[in-house]
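Below are two complexes that have chain A in common, paired first with chain B and then with chain C.
Showing the complex of A and B:
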């Protein structure tokens, strides 16, 4: 195998594929590697941890076709550190030689035969607008759990019914729900649970694409964006029945400027590091945000708002509240409340396609 | 365990080439064949090492350690200050960390949390290859060998397989069931457990402890 490629193009491709390689290699050391395949002036890079796979192709100047599996992190660091210009990569009997200018590295590869075989795309693809998918993932993935003790909650549910396609995530404290209308990815009654980690990686890839081809199998989901391919195992389990959590009524409604709320939260949560609670005092023409940090001090800020309902003080995890406000579109948002112990619903004014349900914190 | 304190230089050739210039260092040669070169700093991490299996050739003034992958560690001994060998014997192994030990203790107290009708026979059930975390009887009276982990991974299934193999040599126990219990179990471990006929159960540690997380939850 021998090829030439511009450093920045090769480095970007290595970084992208490396996100699926793993550093936890106690059982399969080769998974710390990236597979490089060169043929027809195309370099295909593959990284996988057996749960997530990222494969992409870039054009290179090919001298000799062939394959190698190189240590992902090491080779990525090497290529990024090389001088700008053309990088040459070639294999000899023992090593992979990476050179640019007067710099040369010899790296011992993994055995190509040890690298797990990758199944090709399976089934009929369905196309979805990349910008639409990206906006949904931006709004929803943030609510997924990172706690592997509750694996079902580390996934994002995509399901279809008569009302359209739903993208949903929850970590048990908050719930994000986006309706994509008749996006057509699934037929009514179908659902899949996709690891949020995989969708976070997909979010990084989406800006470069106009459309995404999606295939859902019984155990995996596959996304193709031009010459980049991402596949992930699906999570096996029953997602909580989130519809039961949505309050049927809300006697109290706060309407507030989204940016003004975010700015005030950004300031007062400087002091919220220990207490993890921001209190919202509701009842007049302004909302007062207060944080009290034991032995440190306190912070408060009044924000203009419209409030209809009973006076109350309700506490929130400031990070979760800010994440919800940030996910919404539009200049204003509404907070629909029952009482300080019940979940509240954040919506963008005039936007019925997205809601962010948030559980208050005891104050 | 052989401990050599020497002024030495070290050259490694393998995945990369690395060179340590001459300095006073500690060279550890463990009974399992592992060779590690330590400086008087850097906490627990050796400057360079070669895991077993490998071949150590002691030559005149230098050692050459090679492994089956073709990696090579060459230690050039400029001056040997001391060279001692100690017989350490068998190691009892790591004590389980607090959470894992506590999880085992809680499950021993409430085996029904693992499976309805489960009854504890013994914690740390002795076998020739080490103690099984929990041995219980299920509702049908079958013996169940249970390996308890914080994170269930393939290694846990391999460990359980060895215990089952050992316990099945005792015909008085009947056909022993194998079960992995952990806070979270990786998909690969679940797949391997299924292929070997073992069961697995994921346990909520906080719920088992009866802890209210304090924050209000949606569910």
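Showing the complex of A and C:
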């Protein structure tokens, strides 16, 4: 294998593929590697941790075709540090030689045969607008759990019914639901549960694409964006029946400027260190946000708002509340409340396609 | 303005509280604490002190010096409750109360002299109110600062002599200008911060009294003690001390620990002790309207090496089951084969008991609401006493035996230990009465 490539193009490709390689290599050391395949003036880079796979191709100047598996972190660091210009990569009998200008590195590769084989595409491809998918992921992925103890909650549910396509995530404390209408990814009654981590990686790739070609197989989901490909295993298990969580009524409604609320939260949460609670005093023309940090101090800010309902004080994790307000579209948002122990619903005014349900903090 | 600081020290506090409910022991040597094999003396009556029994002395020595003394188990809950009553009297005079322990406190009365009279008057009023309402006696030192006030209260104490106990003055006031006259005759060892090593060094250069110290050459002192300590002691020697009286601050941790009469090897026995302490810690957390984010398991082995293992979580805990859930995985890390002499549970990173509610909280059936259970336990205990309800692990032949607040503060307690010893004495009866 021997090829030449511009340093910046090669470095970007290595960074992208490395995001799927893993540093947790106790059982499969080769998974800390990236597979490089060169043929027809194309370099294809593959990274995988067996759950998430990212593969992409870039054009290179090819001398000799061939394959190698190189340590992902090390080679990425090397290429990024090389002088600008053309980088040459070639294999000899023992090493992978990486050179540019007068710098040269010889790196011990992994055995190509040890690298796991990649399954071929599974299922019929369906196309979806990249910007639409991007907006849904931006709003929903944030609510998924990172706690591996409850694997089902580390996934994002995509399901279809007669009302269209739903993208849903919850970590047990909050729930984000986006309706994508007739996006046609799935037929009514179908659903898949995709690891949120894979969708976070997909979010990084989406801005470069117009359309995404999606395949849902029985065990995996695949996304193709031009010459870049991402596949992920699906999560087994039943997603909680989230519709039961949506309150059927809400006697109290707060309407508030989205940016004003976010600004105030950004300020007062400076003091929400260990206590991690911001109190909202509801009842008048303004909402009073208060944070009290024991032995440290306190912060408060009044934000103009409209409120219809009973006077109450309700506590929230300021990060969760800000994440909800940030996810919404529109200049104003509504907070629908029952009582300080029940979930509240955040919606953007004029936006019926998204809601963010949040459990309060008992204070 | 010259400050007026009082140091109020209860006279033989634990013993005096015990005598209130056992008046038949009045006049006899009484020792609190040290009833067990490894105990230490928490307090001794003035009669016992005549035989050379003092607090912090190992019980074995106390028994040797005064074999006919009555040894009582400590009843910390009772002393604590009584101490609270004493504090309430202090609070009538000033909010600036700095408790040092259950039986002594500093009060800054500078700002309330125009309301209640001078320091002596306030001291005497406090003494008489404590005496009238609680039937307890105390000694009061009044001075322009904490250092002198504490020395003055010692001078006000009853005196133990070979022929008997001589009542003290009750209130001793060091007026501004009298500091030197009061201080200079005192032995230099009476100054805070003069321990055995410092004392030896001072005496080696001929400094025996506070007066010697005050008159000593600064360069000499610095060469003997180091510059910092020399400056510090020289200031105290002339009666100078500007530390403020600081009202009680919020505590940074809450803990229970127990030394056992016999080292523990059995996993279940260790677990039971931990459950018992987790319950005690949780109860005190809730009493303070607090919750903890860090729980630490402390263990001391038979060879006296001590280990601690901690776990910190995002959601603060304040119930025994929640604390146990954090401690249980740590128990596996103990080297039981070395014998466990002491166990402790510490709750820290304390804060308000906020809890991020989860969707599981909406499911009344599935959710194990430890908060509600804890509230019910607190309610039962407030009406029927600490022993009315507790973890099943604290059940022993004598019934439920949960942790009383710092009940083990003065050492191991054989009667409540996992293995009971045979040498029961009259204190056993006292203990039961305390529980009733």
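Couple of notes before you dig in:
Here, the second predicted complex is superposed on the first by the 363 of 363 C-alpha atoms of A that agree within 3 Å, B and C clash if a C-alpha of one lies under 4 Å from a C-alpha of the other, contacts with A are read in each partner's own complex, and residues count from 1 in each chain.
Here is the rule we go by: a residue touches a chain if its C-beta (ideal position, glycine included) is under 8 Å from a C-beta of that chain, and two chains touch if they have at least 3 such contacts.
Computed from a prediction, not measured in an experiment: that's the story for all the values here.
When the two complexes are overlaid on their common chain A, residue A:170 makes contact with chain B and with chain C alike.
Residue contacts after overlaying the shared chain place A:352 against neither chain B nor chain C. In the superposition on chain A, A:162 makes contact with neither chain B nor chain C. Contact with chain B, but none with chain C, is seen for A:50 once the two complexes are overlaid on the shared chain. In the overlay built on the shared chain, the residue A:113 is in contact with neither chain B nor chain C. Once chain A of one complex is fitted onto chain A of the other, the partner contacts of A:40 are absent, as it touches neither chain B nor chain C.
Taking chain A as the reference, the larger set of touched residues comes from B, when chain B and chain C are compared. In the overlay built on the shared chain, the residue A:360 is in contact with chain B and with chain C. Contacts of chain A with chain B, set against its contacts with chain C after fitting on chain A, overlap at residues 170, 172-173, 175, 240, 245, 317, 341, 343, 359-362.
Interface residues of chain B, counted against chain A in their complex, comprise 14-17, 70-71, 151, 153-155, 183-184, 187-188, 202, 204-205, 214-219. Within the complex formed with chain C, the chain A residues making contact are 170, 172-173, 175, 240, 245, 274-277, 292, 294-295, 315, 317, 320, 341-343, 359-363.
The residues of chain C lying in touch with chain A in their complex are 250, 293, 314, 349-352, 354-362. For chain A in complex with chain B, the residues that touch the partner chain are 26-27, 50-51, 71, 74, 94, 105-108, 148-149, 151, 170, 172-175, 233, 236, 240, 245, 317, 341, 343, 357, 359-362.
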